[in-house]
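Same chain, two partners: subunit A is paired with subunit B first, then with subunit C.
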Partner chain A sequence: MSERNVRAEETVPEHDGEKAAQARPGDTTPRKMVPGKEETPVVVDLPKTEREPRDVAGEVVGAIGAIKDGPRVLKTYMETCVKCGTCATQCPVYFGDPSKKYNPAARSDLIRSIYKKHNTRSGKLLGGLVGARDYEDREVEEWVEHFYSCTGCRRCATFCPMGIDNSVITRKGRAILDKLGLTPDTMKRVVEISLETGNTDGATLEAFKAAIEFLEEEMRDEHGIDIKIPVDVEGAEYFYVPPSGDVLVNPEATTGIAKVFYVLGLQDKWTMSSRLFDGANYGLFTGDDKSMKADNEPYIKEAKRLGAKVLFMGECGHAYRIMKMMMEPGKWWGDLPFEIVNCMEFTAEKILTGELQFDKSKNPQPVTYHDPCNFGRSCNIVEEPRIIMEASCQDFREMYPNRGDNWCCGGGGGLSAMDDIYEFRMTITGKKKMEQIRDTDAKYVAAACSNCKRQLTQLMEYHKEDVAVGGVHDMLSRSILINGKAAERVNYDD
Partner chain B sequence: MNSASFFVLGVLPYLAVVVFAAGMINRFYTWFKTPQPGKMTLFPAGGSATGGVLAETFFFPSLFRGDRVLWFFAWVFHATLALVFLGHIRVFTGLIDRVLMSIGVSPEGIDAMSSTLGGAAGVVLLATGLLLLFRRIVQQRTREISNFSDFFALLLLIAIIFTGDLMRFGTHFELAETRAWARSLVTFSPIVVNNGMFQVHALLAMVLIIYVPFSKIMHFGGIFFTQALIKRR
Partner chain C sequence: MPAELNWHELMPFTHLLVHNLHYIALAFMVVAYTIKIWSILKKPAAREGTPAKGDHKKAIQYSFLLLARPDEMESTRKQWYRWIEFAVFHVAMAVGIAVAFTMPWAHEAMKGSFIVYFQQGIFGIAALIGISRLVRRITRADMRAISTPDDYFCLILLTLWMGSGVMNAPQTSEFWLLSYFSMATFFLFYVPFSKISHYICWPFMRYYMGKHFGHRGVYPKKRIAGA
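Up next is the complex of A and B:
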């Protein structure tokens, strides 16, 4: 069941735009793909066509040795685990299948043991007695499965008595794999497309413009008035960066935002960019800091070019986290001439001041909210989505546990985009989530994250549950009052 | 035999102190100087970061929420360990006696306290230590991540606790003697205490002290760094 079909490129790819663009030609609906077809045995090859034989062992040991000089998280994580096993009890993957390879501390030990061998006195002297061991030939091939079976959800860190965040070690493992060209194809493709086209779907300018027009028409149908979605407006106050694929496949999220701005009379104060309409950044998931920064920089430049005062982030957990917790405090691009605000913070505040009104009867079905790990645990955006959901829906229910303690959807860390591990995601990593959602009896699960949405949609299909999955502003879009009236529409199934 | 006891009680202590101090300073210094770009804050993170770290150090609240059974044993084990540590100050100096007497406890009272509290602590420590060891062996998720050093740290502690208990409940030992020994060490004119069990106990303790900076027991220092990273606002 956990068999993986992870195949590395024959050659170490330079970012070959052409090839990347062809990978999903014209495919603007990747979220509708039918996955899980090719579950063949593990085939992982090291790059073969190198001119010089590569010293893989040396590279791995070197990369691990570099931890000695930081960052501090990694270094202290190498030296303070007490092996108490608590992380295993709290990990969605180990919950789904309690075998050793999914035990967080065991996975982290793949790197820790090599670190000890080469960088600690006890490891050099006593070896196996202190859990130190040397790198084994071709071992990285197995690492692909190991490091791509952690969802990076950080739930382990919440309960670890030492506060060890195993996802940091996972990311280091992935970074090593990435350097060796061993990032799984499915993941690599997303990164390449994203760097090439500026969005993870590889959508063109035309597709984007058509989608925007379509959304404006929808809103005209719903409300009988023109509600604009401004594009490329210089001097706009808010530069809206939506999550991956939202404009194209989750239309209501964008209409929800547009309606909020309209009601607040800020219709002319915000804008989207026709070049940059996908906040997703897979560099976080491949562990490659360079591509993470390369993917991030254009947004900063664009915000500056537009002269925006607010970088207005959409319902995308990891995009917001990178901006708010990594880029800004890490001063990647120096001091910023704008603020970084999440759309849910913004909307929730306007609800609390009474500026937005709703007709809750438009959303009568029981709904629940799934806290995306990157919003909840990593950014503390937990009350805002609830304020929006409670205001716009009649029957809001919590799942338990929730907020910072919520279980991962099972698709975190970029796994949700990997169709080669579909079965694994449906039966193992998503097992706990499925139980949680079932317990609420909700008919709609909102998740402020495109990765979560994809994973949850597939979970519901796979487990034959009649539960719709969408965003937070989607619910708002259906019930917000514009000139005293909510959208005139009943059927949202298509 | 005499030269062996002299090594254990007259030489090893100095070695232990030097290795321990150098090892600790080195570990803390390297952790301290390693840079940390970006934030790792894990939410909810209420209150002050320092408060959060201290709470984790004294009460293990994360473990409490994560694994209550382990929390109970681990907390009792560590709290008793701290108590026994205080008790050892009394074994080697008159400090605790003076403090207690200054607040009006009679010398008989102190002795009674020592034998009930100290005796109970010795038993509790041994029991929880053995339970933790048992857990490590039988519980799949813990066994599969344990290596020799994880067992060794516990076994060494249990051996020290066991010999300590034997001294308390079996062979007699004199406070006057241990205090004289401690004083002799401080004045660099070490003497030997002729008590076999005490010598074994001291030997194991010296091994532990030397072992600490290189072992998982350094978690008592690491926790301040790892917890601070995720509690930072």
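Up next is the complex of A and C:
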């Protein structure tokens, strides 16, 4: 058994009060994600209980049956799909490989067909004629590949003539897998690391502090002045929560934020937390609501401890979506003494009021913007990044389609963190996005999301494209005027 | 000149079908739909507790009207003929149902040439669309992959129904009258169990879609030139 599996075994999750005393799934059977190439599997074996055989079929059918007592909309998703095929034509994964397993309607049918069999009159009476079927022994093992091939981008939802959001069904599928202990190890580990350390990279306090010091030095070199990145300042008005990648991997976004606050004279009004500097929350992707809430709660406590008036979210689509759209006041944590604002909303507003000025010549190369799905289709932050990009770059180019109609980068739904499906992401899920980027002839792609950045960076490397990938505030950082001057630095590849 | 159908000398079964069974089937469908709507309404509606970023009402309106606005969606902008197919096919179904419930008592009035040609025109086009949809469902791998027997069965039956509608419109043959009403009656019994009942869920789903995306400010979509 691998070290990873031993470790996972020690942290057996509790489900509904009952301890699931099972081993973590083993990675033993190869999974074919790309024709001709065998990859390390995500998960293939059902967890075994040490005490008695688990009634997997009963658990699956029961979990699916619970839908009929849940929200109205999911019940209608279960009872209605006209099989028009529109979703497949709009799916980035199906675009990359038109196999049945990547067809959104077919994937949703894995759950829908079982629901029909046990919970609808038509399914009970007419069975297979109306697409109803019973659960087949061990089929959940195949579900792992199906549900972890969906990027949850919701593009199919906006095109479905009925209005079926397949990403909701995907999340339900993932939730069932999670209850069975079948969440792919790579994903499970991200959740566990985040819950253990407060960030998905497992970065230490020392690493964070070193990164902050480095960034302050960089800004000193660029502008010849001290631009601080305040940390753990109680009473600061703005509590900045970026994805950890924007501190450790793509730190220019954070320097961009620091410079915005500096120019606005708010240098002493904002802070980061040395304990919580990663808004990423993979509970959204594994379908595990408990983890999602557990990962979210420390931020609320920290914002309250710091006395912040604004939870200032960074360039991270799903983190902002959870904070702004899901952490409902009165539902999760009661009334909140702060508002939730995204950094792009804030910066765009300041640009429009003329409070921020730029030297566009610092960004002469053609640049384009990739709309992260969570911003485009779940939060409607689509004009703000464009305002920033157009203000700070000389040659901004659109991808088509864009905004709420954008194509996913191929790493959505947490897939970008799954290195065991790297080949699949590079050749299939990211295929459409690669085409879109090539069509722009851009030399820089901005994406306001760490998952997108990781996927896009790997895509450019894999396809040997000479295109840099970064954030929106990265471009701003290079061209914003501070005391009338932009950054001196020229080479950003160092 | 073709023979004219004598409505007063119909075979007993045809008479029973057109004047009785047909309405029993309708009553059955109404009851089945009432139960379905009740079962949907008794479930809790999803709640958005966060402050709204957009206008719910406008978004819900937009969500419903998307059906009639092929220019609003990239998929229908690129494949406008599919939208026309969809529109004509669904209008023909509505006309078919209307004819089935009008003809038994207004058959004299429906013998006018304009009404006959209109029926034949729309039913004929719908039958052709049905055939093309069937061919697409059979020949395209992506469509085959998601199709159930019900999908084929409904499409074949609706296409045949439309075809019988073309033949029945001039009211010249009891055979076509029987065919048309047999299928119409069968549908009324079968529809609550088949995918054709999608239109019962459609308003709920579009409403939710509009409310959800409206809350988040995604709907109504802003039209951006070239986007």
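We take it that the second predicted complex is superposed on the first by the 449 of 494 C-alpha atoms of A that agree within 3 Å, B and C clash if a C-alpha of one lies under 4 Å from a C-alpha of the other, contacts with A are read in each partner's own complex, and residues count from 1 in each chain.
The definition used in the following text is that a residue touches a chain if its C-beta (ideal position, glycine included) is under 8 Å from a C-beta of that chain, and two chains touch if they have at least 3 such contacts.
Treat the numbers as computed from the prediction; the structure is a model and nothing was measured.
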Do subunit B and subunit C fit side by side on subunit A in the superposed arrangement, or is it a clash? clash
Is A:P98 contacted by the first partner subunit B, the second partner subunit C, both or neither? both
After the superposition on A, what does A:N402 contact: first (subunit B), second (subunit C), both or neither? second
Of all the subunit A residues, which ones make contact with subunit B and with subunit C? 69-73, 75-77, 79-83, 85-86, 88-90, 94, 98, 100, 103, 105-106, 109, 121-122, 126, 128-131, 157-159, 161-165, 325-326, 329-330, 376-380, 403-405
What part of subunit A is in contact with subunit C in the complex they form? 68-73, 75-77, 79-83, 85-86, 88-90, 94, 98, 100, 103, 105-106, 109, 121-122, 125-126, 128-131, 157-159, 161-165, 324-331, 376-380, 398, 400-405
Subunit A partner, complex, touching residues on subunit C are 39-41, 43-51, 53-54, 63, 67, 73-75, 86, 140-143, 145-151, 153, 192-195, 197-198, 201-202, 204-206, 208-209, 213, 215-218, 221-222, 224, 226-227
Which bits of subunit A are touching subunit B when the two form their complex? 69-73, 75-77, 79-86, 88-90, 94, 98, 100, 103, 105-106, 109, 120-122, 126, 128-131, 154, 157-165, 168, 325-326, 329-330, 376-380, 382, 403-405
The residues of subunit B that touch subunit A in their complex are 27, 30-31, 34-45, 56, 60, 62-63, 65-67, 70, 74, 139-142, 144-150, 152, 214-216, 218-219, 222-223, 225-227, 229-231
